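Shared between the two complexes below is chain A, which pairs with chain B and chain C, respectively.
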Partner chain A sequence: MKEFNGKQIRQFVLEKVPTVTWILIVMMVYFSVSNSNFLTLDNAANLCRQGAILLILCLGVIVVKITGGIELSNGAVMSLCGMVMAWVMVNLNLPPFLAIIVSMIVGILFGTLNGVFVTFMGIPSFVATLGTQGIAVGLALGMNNGNVIGGLPEGFSAIGNGTLLNIPIPLWAIILVFVVTSVLLNKTPFGVYVYALGGNEEALKLSGKPAWLYKVLAYSYSGLTAGIAACILTSRNMAAQPTVGLGMEFEAFAGAVLGGSYIAGKGTALGGALGGIFILILRNGLNILGIPTYLQLAIFGTVLITAIVLSTLVERRVQKMRDEEREE
Partner chain B sequence: MKNNIPLLEMKEISKSFPGVKALDHVSFDLFPGEVHVLVGENGAGKSTLMKVLAGAYPKDEGEIFIDGEIQSRWNPTAARAQGVAMVYQEFTLLPFRSVAENIFLGREKTIAGMFLDKTSMQQEAGKILKSIGVDVDTQKPVLELGVAEQQMVEIAKALAMDARILVLDEPTSALSLREIEQLFSTVATLKENGVGIIYISHRMEELKQIGDRVTVMRDGQLIGTRKVAEISIDEVITMMIGREINELFPRHHCAPGEVALSVKGLKSGKKVHHVDLEVHFGEIVGLSGLVGSGRTETARAIFGLDSMTADDFEILGKKYKHIDPSLAVDIGVGLIPEDRRRDGLFPILSMEKNLVMVCLRKIFPNGVMKPSVERKTAKEYVKKFDIQPPSLERIVHNLSGGNQQKVVIGKWLAAKPRVIIIDEPTRGIDVGAKSEVHSFMDQLANSGHAILMISSEMPEILGMSDRIYVMHEGRVAGEFPQGTDSEEILRCAMGVK
Partner chain C sequence: MKKVRLLSIIALVIAFSVLVSACQPAAEAAPAEEAVAEEAAPAEEVAEEAAPAEALTFGLVTKALNNPFWEMVHEGSLEVAEANNVELLYLAPTKANNLEEQTRLVDDLIAKKVDGIVLVPVDSTGIVPAIERANAAGIPVALANTNAGGGEVVTFSAVENYDAMKMLAEYAVETLGGKGKVIILEGTAGAQTAIDRKAGVDDTLANYPDVEVLASQTADFQRAQGLTVMENLLQAYPEIDAVIACNDEMALGAVEALDAAGRLADTMVFGFDGNNDALKAVSEDRMVATCFQNPQMQGGDAVQALIDYIAGKEVPARIQTTAILVTKDNIADFADKIAAAE
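Presenting the complex of A and B:
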């Protein structure tokens, strides 16, 4: 009986909860002890506003990652979406809510483009998304000769800076995207197919389903999240800057890998979000400790690799234990 | 079998691949509620026939009837619609997803057309599993199940698709005795429900246990279909082998020399449990056994590709505790792999580059390559093996199977090994190249090399070997001298006493 309990605890610690949770807790304790400014409401609110963009991107990437793909275009696509929505508001006088829809459509288009490259042209997702990244950056720069588009309508600022029921709107956006992603992955046939694409694509084909369609849709979804993130970002800055999202794709992907898994066919929305939070807090904590930027970058890289290695090791260990158990 | 109309009838099916006639006018039928066992040696054409049935391969000739009706268009979708379902040896399950999700993959039950109806899927999955006498938690992820249970989930998946014709390909190969019993009771339940089952197996005792009829195939041809009750296992084995071996093998046996390779108590991975073997210089030793008996894995372990442990491991008179491929090459061991395209060649490089690949360190000890030396070495082996046309620039991908195999052998010989392990030396190459490869092997042995030859082709084993080891389920089950009867070897390979 005691052994059984031990096994349950082990399963909970290693399998049911994403490994990143434990690393996250350790890190938070460390930052809280090191600096009293870390564990404050102000900092938390600050994190929410800053972090919404990254978290939303992470939630899109995790869907692509579960299918076994890599998404490196969403940072640039986000910049482009911002430019397009700013442009339509300034030049066509479109009301903000229509501009938001335009932004999402641009995101979906680019996501779908990724999906089409990967499925029909058979291009590895790494290369395909890197290619669309280039296209998106180019277009974003070309829209206003590389300049920022400013002078957005007053009301638009509410999305990034306003609150609803005392909760910042970016936080609502995170919650919304999180719930939608969770429901999609857990409660719909689409979710099952996403897991099937990563777990055993052949099985999905053998069951007579158009596997390519679901793969394209997974990329489209990631594009959509880039469109949503663009709204928050542009509204917070009250301007669209063509290269604002560069580098974001790597953070988002690292978050998805951290919270999800290296193995295709595995991962959850919660894991993706936790991975994003991990990266946010790491950045924020290093800032609060007052570590110089160049050192921050080096520490950031080191911690990231350590965390990923740890998660991978845990995953392998779990797999091994399972194999041994089965052999008994 | 009260019903006179067969559920499935395949008439005079033929199928050719470049250079091989895989199926030659084979007919096969199946009645509802029947277990029809399909047997034959490796490469007899069983899987090709089943792939035609599943619609995965288009047939060249012949007709397929379902319920007595001719099927004019036959493809995977049509096969599925007619209730043909395969349970492959390699499972098509999603390891991290639940049993219920796997069973209903592609046909999920939904609420309002959008959301998964998990409760009803779980109930339904539970019902299907219960109907075949299995009790597993349908919420568990598949990877937490045992192999037998996974197999049951595969079967349940087929049944959820309303399968009427169920193909089980070597279903018991990975199961324990208790699990086999469980599978057999499932099969019995399926029979009662009128499902027709095609059962592919190498295990003769199973044939008697659950088979109604048995069909024997050999070399792409139908040898015969009999009622299981009216045939003995011996007769089935005789049918599988055929009597005469009409190929000529150029083997000149000579007296074996010293021990070149000696392995005792070799263990590696999940497939090699206990292997003792010895190869002498001047000897070709055959390693026979069924697919999956651990022959290739034994070769990989000896070459150091997979980690292994052994009580005693001696090569060329020296004992080794650990071995890795680079050490193996250095001490004079060569492994000519089974799948030459994947493991033996660099398909997009030229013949010349391929030929010198293994011996680079030997011919260029200081690490700087000289094109002239490279060319000279490659030329030597092209000449030796009479590779036609002898153009060194040809990309290996474009060569015929026989020439590719010559390149693989040549590349290893250029490294001057003393012990050569050769896995399926003549698979997929034409008759002419086959006999050439056989003469090379003969010359090699007679010039003092030690050769361990893995082969699934009985005539090759009998015709080329000086001694024969037979593997069964990860162990060497028997050792036979040259001139042993093929029946005895097959019996040993199948574990029939």
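Presenting the complex of A and C:
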């Protein structure tokens, strides 16, 4: 067996561990030292519950991001999924588990719509997803004349607030979506094509493989995650509000970028999840320290840029190491 | 290269620490304590445990950062808090009127184990589980401005939006002489206050068949939106007698649009809230009337109720803030607020 020297180990760590991990560790240590309420079981459970929504969205966005696309519709689609699922529960008396399936279907439909716009009509993903965002918000607002849908069945609350084997159900949802995303990206042809789409789409097309199918599926998957996130969101509020998800798309996108996928064809499920956790913990920690919101925004922006600059530096360093290795 | 990386990480940590500690509210009150706490974290814990009874910490959560109205609620709350030696943390969703973010803020305050929460719910139905979580954690919640549909709250301090808006709409109809072409600017679709105020206007105008509603559109409670919506409506309707806006920010946006089109003299603008800029506009005849709903008092009363509740005193379940119709006749009473707007 080949012996590893220090340099190889370093290269391995830099390549495989998303840079955001280190910043995350530093940040968590800082928050823990600064306030005794940060590192508690209560807050951990709180983070799982509130974080599931963003994390699940991030895991969908990263797939689109790897193909080189941008996803701006998931916040609005999530709102619409929530409205539809609340509507079917209240008006059709559908049991929660069926409503969840309905929500996922609506999500997949809108995701697929994005994919079709981008693939067959050649609309840039930025514009296409912005368009579907508008459609989704409009429909969500129109469904109940802009009003909230409340009065959901009692049992539905369990999804966002209950536990299974002492673990909050939203955490199970995160784990499930994370595992599915990892497997999809690493163990299936879908993953191979997703990376190929981001790496060199032209080459993939010339090879005669159905590139379009996988591109559409990448967007469908992001739609599906919006549908899943909608279940947790709606359950946490026990009501569906038509504009609740607006703006989430930017947080999810920032998370995906932080997770290492600022270059098309790059990124992992782990990176996407860590990016989401980073944003979440930063906001949670600043709240727990009691920093006024307007200052939080400035701090948030500063840290975000620092984190991305750092990731870029590391990326370059890894590239250089690889080049050196090749020369040797 | 390794050094560079290490250095950049250290730089990041320092930059972050400086930023965060510079921003911590505690730093203003007790710089010495803060310095100690920075050096040795356990010291802070000891300090906290030693004096739990004296210094209460409350969290105030409003609906948005970009509306001066919430800043006034904050002002009033802060005043009462400071007078009672209570530390007040102010949080608001960065995305205006966003329920998901507001829920997160309340949950974070619960995790922080504050002694009480003053909350202005973005949505009356959707906020209920968050209030119930605070109840479960034993943290008292007082509502200001907007009510919630459930959960246990210490009090609810607000004007009755529906009634106050009716009062304003009646005055508008009276000024119009019982007839005319009217435009309504609605608040954020789905927001509770928007629904209540819209109902107040609609129910009033329904009694006056000679008042024609040309259009009723949302401008999201925002000034910039009020401007663009009004600009569009001005194109569509050559004759507009009055604009009834469901908050002052939208009314002020409409005033800008009317002024730019040279039609402010023909159109009366009515607002709601009584924020400083609107009071100034009334004094300058740019707006006809607004409804002062005393945001400072709404916030301050809620804070006071929490303090009393924790001290074991009886607190009324509903604190009615009196809404005052502000017109040219009584604008002199608000001279200090108008001065603050300048």
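The criterion applied here is as follows: the second predicted complex is superposed on the first by the 316 of 328 C-alpha atoms of A that agree within 3 Å, B and C clash if a C-alpha of one lies under 4 Å from a C-alpha of the other, contacts with A are read in each partner's own complex, and residues count from 1 in each chain.
Simple rule for what comes next: a contact is a pair of C-beta atoms (placed from the backbone, for glycine too) under 8 Å apart; a residue touches a chain by one contact, two chains touch by 3 or more.
It should be emphasised that the depicted structure is a prediction, and the values quoted were computed from it without experimental measurement.
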Clash-or-fit label for the pair chain B, chain C on chain A: fit
First (chain B), second (chain C), both or neither touched by A:Leu246: second
First, second, both or neither for A:Ala158, with chain B first and chain C second: neither
Touched partner set for A:Ile9, first chain B, second chain C, both or neither: neither
Partner chain in contact with A:Glu202 - chain B first, chain C second, else both or neither: first
Which of chain B and chain C A:Leu92 touches, first, second, both or neither: neither
Partner, of chain C and chain B, that touches more residues belonging to chain A: C
Chain B versus chain C as contact partner of A:Ile288, first or second or both or neither: second
Touching partner for A:Val26 - first (chain B), second (chain C), both, neither: second
Contacts of A:Leu176 with chain B and chain C, given as first, second, both or neither: neither
Smallest separation of CA atoms, chain C relative to chain B, angstrom: 20
Overlap of the chain B and chain C footprints on chain A, listed as residue numbers: none
Interface residues, chain C side, partner chain A - complex: 1, 4-5, 8-9, 12-13, 15-17, 19-20, 23-26, 37, 41, 44-45, 48, 57, 59, 65, 87, 89-95, 97-101, 103-105, 107-113, 123-130, 133, 149, 188-190, 195, 218
Complex contact set, residues of chain A against chain B: 183, 186-189, 191-192, 195-196, 199-200, 202-204, 206-209, 263, 265-266, 322, 326
Residue ranges of chain A touching chain C (in the complex, touch as defined): 22-23, 26-27, 30, 33-37, 40, 42-43, 46, 49-50, 53, 141, 145-148, 150, 157, 160-161, 233, 236-248, 283-284, 286-299, 302-303, 306, 310, 313-314, 317
Chain B residues touching chain A - in the complex, by the definition given at the top: 77, 80, 92-97, 101, 105-108, 110, 114-116, 118, 143-144, 146, 161
